[in-house]
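Both complexes shown next keep chain A, but they swap its partner, so chain B is in the first and chain C is in the second.
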Partner chain A sequence: MNELSKNTFSSRSSLLLMEIILSILFFSLAGTVCLQMFVKAKLLEQDTAELDMAVRYVSSAAEFLNQPERTAESVAILYPAASVEGNTAFVWFKKDFSSCSQKEACYRLEIRVLQEDTHTAVWSAVLYTESPAEEIYRLEGTVYQPYTPQDRH
Partner chain B sequence: MRFRTRSRHIIDLAFPIALFFVFAVSSLSILILAADIYASTASHLRINDENRTALSYIAEKIRQNDTNGAVSITSIDGIDCLAMSALYNEIPCTTYIYEYGGMMKELFINDGIPVSLKSGRDIMAISSLSMEQLEEQLWRFTTVDSDGNEDFLIAAGRSVP
Partner chain C sequence: MKAKNNSRKHSIPVINTGSVSLLMIFIVLCISMFAALSVSGALTEYRYSQKIAQHNQDYYTASDTAVKRLKDIDQLLHDIYLQDPEHYYDAVEKQLAMTASAETDFSSEEPSLSYEVPLGDAQALKVVLTLNPPGQMETGYYRITSWQEIPSSTWNGDDSLNLMTF
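Moving on, here comes the complex of A and B:
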């Protein structure tokens, strides 16, 4: 009888232990899946916010560059802190997209205007992350300056 | 019978309670994490909803009315207004877009009639809308939503006066 009770209790104990182990295992698995989803959601949200800002800044530059007679130097109208090298203007931004120097920059807006001929210019506006340098968003276009009667002479 | 009658050890009580607390803390952590991510996403959605909607509305209005240099920025009663002139049935009219009393408003009125800013039609709630003419036919609009988030739009006119 004693042996029977001992066995019964022992089997109940191991059953309870097994149940607890399974519960912990299930909870751990569920927690891991949830955490992975949350991390992915957070990363996706950060990427979306970054892309959203990139679209905003690049679209603004595109709106500006679509006007005839724009050059890399004229980018200073939009961003007085822009640095111009040849036909390319660079604007650097902090994490919160406020203008800053190259040293403390997280993002770089690169605006290039190439004059193909007297009436045609090809431009591109690209926003990169600074390190590592990865392209976030790019817009390109061609702008034509209309011919005027003076151009015939 | 020895197992049935043995005295209960403190661990018999402490272990389930400890396990319960571990579960509770873990669940709470995951819940807080989820709530934080949800709040952050909702906040970005709200920024898009208020600022971007207002700026998109302005951009579309400018494109719609960009003829003969009809778009300009004017100040009425100290408030900057985006003014878009047009002829309707040969009658000169102007559409004004501005911020007044926490609302973005639009007022369509015949030229020559005194402008009353409070009479404009409400478009949407907005904390602030500022306008700046960067160059001829180049404007910068800045909006601030109810949470203090700022957004901007650069708009350029294509038409020639």
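Moving on, here comes the complex of A and C:
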């Protein structure tokens, strides 16, 4: 009788052990899938934050450039740390979108103003990631200075 | 003493077979639910941001087209004024009616013209220009009195229900 109960106890223990092993296996499998989902959610959140900031900064530059008298040099009014080369102004940002030098930069805002004729200028504002250089957001437009009767063709 | 031993043998074990599986299923269900919720939340936010970015881009594309059309109209006004300043309004009305690039209203004291540029599927950018009268053209031939987004499709107010009739 005693031997029988011992056998029952041992078979129960091995069954429990088997169940625990299978549960751990199942948990690790499910955990891996869930972890991947959490990572994907985190990456999506980062992309969303990046796109939001890109839209904000590029739109701000676009509104600034939508005035007839604005040139690439006048970008310094908006960003004193901007570097101007010809008709293009560069502004660099850190990961938290605070203005910084080119060395520490994670993002680059490129603002270009081209004078088409005496009354028309074409501008573009593009935000890139610094390395690798990938475009995040771009806006383009035209600014027009109206004629007056004093103007002659 | 014997009775005590028997009671020990028949005591209920702390972990029963199956309870581990049940606990595991509960934990996995909870974790997978949280994971699914966080992914769906992040995805919704990302799509919303993309929508805003796209709308912004559409607005600037429409604005660019509107500025180009404004340039054509301004050049037309400039040419007409230089040719015949005496009959400026009449000539402008005639020319704009021929080109059909804008709707005109010359019935009021200050004539105006307006045009629309499509902005996405359901909106348009409406531009209204009021023509400056001759003698008051120091800043140009017109002033922009409206530059706004408007819905391009009209609202259909038909909310009737198909009720059973006897």
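Keep this in mind: the second predicted complex is superposed on the first by the 134 of 153 C-alpha atoms of A that agree within 3 Å, B and C clash if a C-alpha of one lies under 4 Å from a C-alpha of the other, contacts with A are read in each partner's own complex, and residues count from 1 in each chain.
Heads up, the rule we're going with is that a contact is a pair of C-beta atoms (placed from the backbone, for glycine too) under 8 Å apart; a residue touches a chain by one contact, two chains touch by 3 or more.
If you're wondering where the values come from, they're calculated on a predicted model, not measured in any experiment.
Enquirer: Which partner does A:78 reach: the first (chain B), the second (chain C), both, or neither?
Expert: A:78: touches chain B, not chain C.
Enquirer: Could you let me know whether more residues of chain A are touched by chain B or by chain C?
Expert: If we count touched residues of chain A for both partners, the winner is C.
Enquirer: Based on the superposed arrangement, let me know which partner A:148 touches: chain B (first), chain C (second), both, or neither?
Expert: second
Enquirer: Thinking of the overlay built on chain A, is A:34 touched by chain B (first), by chain C (second), by both, or by neither?
Expert: In the superposition, A:34 contacts both chain B and chain C.
Enquirer: Answer with first, second, both or neither: which of chain B and chain C does A:20 touch in the superposed model?
Expert: both
Enquirer: Taking the superposition as given, does A:120 touch the first partner, chain B, the second, chain C, both, or neither?
Expert: second
Enquirer: Can A:52 be said to touch chain B (first), chain C (second), both, or neither?
Expert: A:52 contacts both chain B and chain C.
Enquirer: Shared contact residues on chain A for chain B and chain C?
Expert: Shared contact residues on chain A: 5, 20, 27, 31, 34, 38, 41-42, 45, 48, 52, 66.
Enquirer: Flag every residue of chain A that touches chain C in the complex, lowest number first.
Expert: Listed in rising order, the residues of chain A that touch chain C are 5, 12, 15-16, 19-20, 22-23, 26-27, 30-31, 33-34, 37-38, 40-42, 44-45, 47-48, 51-52, 54-55, 59, 62, 66, 119-120, 137-144, 146-149, 151-152.
Enquirer: Taking the touch rule as given, give the residues of chain A at its contact with chain B in the complex, in rising order.
Expert: Listed in rising order, the residues of chain A that touch chain B are 1-2, 5-6, 9-10, 20, 24, 27, 31, 34-35, 38, 41-42, 45, 48-49, 52, 56, 60-61, 63-64, 66-67, 77-78.
Enquirer: If you look only at chain C, which of its residues touch chain A in the complex?
Expert: Result: residues 9, 13, 15, 17-18, 20-21, 24, 27-28, 31-32, 34-36, 38-39, 41-43, 45-46, 49-50, 52-53, 56-57, 60-61, 63-64, 67-68, 70-71, 74-75, 77-78, 81-82, 85, 137-142 of chain C touch chain A.
Enquirer: Okay, in this complex, where on chain B does chain A touch?
Expert: Interface residues on the chain B side: 1-4, 19, 23, 26, 30, 33-34, 37, 40-41, 44, 48, 134-135, 137-138, 151-156, 158.
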